[in-house]
Amino acid sequence: MTFQTHDARILEVKELTSREKLFTLRFVDPEINRKFKYKPGQFVVVDIRGFGEFPISLCSTPTREGYFQLCVRRVGRMTKHMHTLKEGDIVGIRGPYGNGFPMEKMEGSTLILVAGGLGMAPLRSVLWYALDSGKYEKIYLFYGTKAYEDILFRDEVIHLLKHGEDMNCHVKLAYEVESPSCIYLEKGYSPRVCKGVVTDLFRGESFDVENTYALICGPPVMYKFVIKELLDRKLSPGRIYMTLERRMRCGVGKCGHCIVGTSTSIKYVCKDGPVFTYWDALSTRGLI
Amino acid sequence: MMLKLGVFELTGCGGCALNILFLYEKLFDLLEFYEIKEFHMASSFREHDTLDVAIVTGSVSTQRDLNLLHYARNHSNYLIALGTCATHGDVQASVEGKIRDKLEKVYGTKANPMRALDSTPIVQHVAVDYALPGCPYDKDEIYQVLISLAKGIEPPTKDYPVCIECKLNEYECVLVKKEIPCLGPITLGGCNAACIKSGVGCIGCRGPLPKEANPASEFEILKELGYDEEYIRRKFKTFARGELRW
Amino acid sequence: MVNIEIEAFTRVEGNGGAEIIIENGEVKDVKLKIFEGPRFFELLTLGRHYWDVPDLEARICAICYLSHSVASVLGIERALGVNVPEEIMLLRELGLLGELIESHALHLYLLVAPDLFGYADAIRMASKHGEVVKEGITIKAFGNYIREILGGREIHGINIKPGGFGRYPTVEELERIERQSEALLRPARRAVNIFAEQEPLGATVQHYIATNGYLYGDKLIAEDGEKFDYLEHIEEKTLPYSFAKQSRYKGNIFMVGALPRVMLKHDMLTPMAKHFYEEHKEKLASGYISFNNLAQAIELLYALEKAKEVAKTLLDKGIEGENVPIEPQEGEGIGYVEAPRGVLVHHYRIDERGNIAYSNITTPTAFNHAIMELSLYEEAKKRYGSSDETTFLQKLEETVRAFDPCISCSVHVVRL
Amino acid sequence: MIVLRYVKLPQENFEEFFNSLKRWGKLYAPVKKGDIYSFQNVETLSEIALDYTRTMLPPKKFFVRPKDEMLKLKEGHWEEANGTEPIVLFGVHSCDIHGLEILDKVYLSDPVDPYYKKRRENSIIIGISCMPDEYCFCKSLGTDFAMHGFDLFLHELPDGWLVRVGSVKGHEIAWGSEELFENVTEEDFHHFREFEEKRTNSFKRSLNKEGLADILDLAFDSPVWKKYERICLGCGNCNMVCPTCRCYEVCDLWINAYEAVRVRRYDSCFMETHGLVAGGHNFRPTRLDRFRHRYYCKNYFDPESGFNCVGCGRCDEFCPAKIEHVKVLDKVREGLQ
């Protein structure tokens, strides 16, 4: 391994919201393209050469080959620059890194995907993987968003609202800011669309806790509430997976920024994670 | 396309403008991306034009400075406050007293025909897009900033105290080993620990480390070493007026 | 009648302009305006411990910070009755030589040369005369190298301390200085020839003042043979239109700087510099202030030759690197240094705890204020009506530039 | 022919042995610089401070450099920037050898850090015995004696050095200068043990590591942290000088209009941005969090390799606030009882 990055060409740039863009990329070297295998929940490091690197989750699914996708929110220096890039531009990519979700282990089970805001990005990878493979009992997507305009992959989410049930995919959406579009959606899909926060979406749902896994990704404040909801329903901590974010420079457990825990439990979010179970969180202080 | 650059000098020692010339061949590198539209220390050429990047050095110490500053702000898209005069006020801003009293002490009269003002940093008067302190700033820093802007990306910022660079260079710690008052622990890094390289303590020319400096503890440490309170207090405020409070 | 306003001089350090007062179709008067804001350095240092003062004084000016540091250190040492060994004085001299090289090269190549070649600045000039600009930059960079080694960094280093230095230069650094000063003599010689071609401008100087040693001293000297302290024969007055004050020597307008130095101290020049002095003696003696540039070019050679000599002496003797210990005590002292632009005076009184009780700084551009104004007047009078406006203004600017004025410095002429 | 794991280097051969090491690479050893020691390139034995206490920067500076160019950007592509040359580190103390082994765990674990690995492979480590000063507490952590991690280890004897051979390369070196060595005598062993005993009794500071990891974990909310938060400057000096601190920050720098370099440099977990992520959330928002974090990280107990601290005393010696590592831990422990 080196810290070299490989040329990847931007095939398409799609504006998802005013803050997020979806980049579809492919490695320039076909050999690298062929070798690039990843799991939902893993991430890559994007390299804007001469300016810096930043980690981004893969939001596409390995079941669809030949390209990969990154959903990038504009928050600072590098991501702002990323947003100025166009189709045909080249960026450097290294990875994939991290453990990813244990997709194989979960086969045959029900998956509850709980996404808040940008947390939709890595979970979209899981969602499409699960749908494509057809190896999962039932898929729930609970998605909490601020407003209609902030819904990531809006077309896809609405499409699944409409037709998901046919694919055993049960989509629910909670929004915080009222708008005509939301009310329109709510009218069409109530009670699956409602005003509130993501935990409200658990209302009225029951799962076979012996055969269910929950996968969570969202802003730091969200985890505690969602986990409480799941534990109340007696889901075992080992069946709760969450993907976490920390500052990281290397992505491979060297640069030390993502170290969490105390004297009894030190973990690197990049290589021991970013996907952790709730057991990990219980034994590693400061993980969530 | 070439970016239009202007360098404006308010009241100061001229070092921040001069330091740009000290980039030598790197200055010519920058000219691959920038046209200089205003830089009175270096050129008689001047074109009143909207600038992509304006660099303002010096502090606001006269009405003329203030007018020039507003001109620069109103005619530029991206304004860089360059040097401690511009970002924190530097030494002239730490002179206490009202302007007319100061004038009287020095010129013998309270009259103020040239409309001098109490020195203040430019950040106090206009919004700045980027602030780069240092008396003078490290010239490679402005080079990196201008290259970044030329290539369309926000310039990076520093977030660590002088101590970090001091150690990276493996300079002997003068505070610990020689009991010399050194403001390194509470001063924003970026100078490559120039003072400690000379075996003397950091005098704080880059201003306080934002947010996380612990001046109270530094104060106690220096007091412990036998420096009197007034001395330490003055040392703290030399470059950044009263910003180091606790 | 319309007065002519020069809004702001360019290619000079600091902010200043001029107003030419026209009456009945004639130049009646010229006002040199310094509108660089006042910075009150004397108030700043008051009550401060002497140890920290040179670092603050350096901030007066970036181009000649090292001269300020040395003048400050000399004033403080004299006030405290400290005598430093020859080695430390030699190292300080080396620093001052570096500053002379840096400052003169900057002024001659980057600020004045564009006038001679007809460009707005050195960058534009570089397209046709890249060689000259490059030589200038190389010499300037070398001067800065010396400043960095002796002073601590290129601008506002804090290595020059009462009693010695923070850090002493290494053998390798001194060797590099010795080697490189030799190598730069050739291009510097070419510079003399370029600046010898400049036309006479401004007033002719009648009175010169300098320090008794070439780059520093303990007294001032004048062309009338007087050896004196600055308070003895120099008076100042404030002006309503300027933050700088004006000075007179025994009631006369006088000049400090490169021209006065070579005129008063040519017997101290190094061989090659002396050779050129002899060659251009008459021109220099004519006293036109534009020949200050020629004098600077000769000094550039001097500084390179001398730097080599000093570096060699230090290398031969070996560096001890010992600072002189200082006990604070009451006292008063004056430091005289030849900054690149001329005589610089730092005057201090220190109390028994080592704090500054009084300080006064007089800078070369302040000393030159009156002669600059007079030169503008003479040049304007000569040109008004006969030159077109662009040339008129251009020549006035060139006149001011010949002084290599350092306006930031000039606003600190105070007596408390 | 000597094929023992122990050999003796008589004092009169010491200098020749030292000079012979230059054959194996550029020679670095501790020298005195002002009031600190530092590993520097040396030519002669007389430059070395054999009785040094500790260098300011530990030997990690040769493997993860303070400022380290990783890649060079040329025409839009990165090139590897790292040149490696063979080096000999002469005079490394036992605690630092342990420190390097802790770093190895990080940098040589999969995926291997290529720069670190190359430099490690190109280095020879020659240890030397030492006497503790008032800062040392390696004994209590068991890092006062190195069983591996060196090529040769020199132990002071009254009339020379007892040399332990710790690797194949160490054998090669000894072999190459065979004529300089003698067999170890019973008396030499006696002196060696005497020295070690004297050393063991010279420690002035010791760390009570009994249940330390658990105690710290329990003391998460201890008021002791708050007390130190007020004193700590958050300057990061303790991180910079620590042989096991390994955080680094990466930044790209332009060297001219079209060429850049990617540089990593030591970072410190005391920096405000260390735990900051997108959205402005900071996982260690206060100095208290950061102060505690460092103690947690240093005192993390890995059943395989022990603590992340080797007791070298650097953080104490170079903390401007004079915060003492052992004392902080003792106070935290006391606070819990």
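Letters A, B, C and D mark the chains as written, and numbering starts fresh at 1 in each.
By our rule, contacts are C-beta pairs under 8 Å (C-beta built on N, C-alpha and C of every residue); 3 or more make two chains touch, one makes a residue touch a chain.
The shown structure was predicted, so the numbers you read here are calculated from the model rather than taken from an experiment.
Each chain gets a centre from the mean of its Cα atoms; the one farthest from the centre of chain B is A.
Taking the mean of each chain's C-alpha atoms as its centre, the chain lying closest to the overall protein C-alpha centroid is B. The busiest chain interface, judged by C-beta pairs in contact, is B-C.
Taking each chain's centre as the average of its CA atoms, chain A and chain B sit 43 Å apart. Here the CA centre of chain B is 24 Å from the CA centre of chain C. The geometric centre of chain C is 51 Å away from that of chain D, both derived from CA atoms. Averaging Cα coordinates per chain places chain A and chain D 40 Å apart.
Residues of chain A in contact with at least two other chains: 50-52, 76.
For chain B, the set of residues touching two or more other chains reads 156, 199.
Touching of two or more other chains is recorded for residues 251, 254, 267, 273 of chain D. If each chain is drawn as a node and touching chains are joined, the picture fits none of the line, ring, star or complete shapes. Touching chain pairs in this entry, ordered by label, are A-B, A-D, B-C, B-D. Across the complex, chain D is touched by residues 26, 29-30, 32-33, 140, 143-144, 147, 156, 159-161, 163-164, 167-170, 172-173, 175-178, 182, 184-186, 199, 211-214, 216-218, 220-221 of chain B. By the touch criterion stated above, chain B contacts chain C in their complex at residues 9-16, 18-19, 21-22, 24-25, 27-28, 31, 36, 39-46, 59, 61-62, 64-65, 90-92, 94-97, 102-103, 105-109, 111, 113-114, 116-117, 119, 135-136, 139, 194-195, 197-200, 203, 205, 231, 234-235, 238.
For chain A in complex with chain B, the touching residues are 48, 50-52, 76-78, 80-81, 84.
Considering their complex, residues 70-71, 73, 76-78, 80, 106-107, 109, 111-114, 212-214, 216-217, 220, 245-252, 254, 260, 262, 264, 267, 269, 273-279, 281, 283, 295-297, 299-301 of chain D touch chain A.
Chain contact summary for the complex, chain B toward chain A: residues 148, 151-154, 156.
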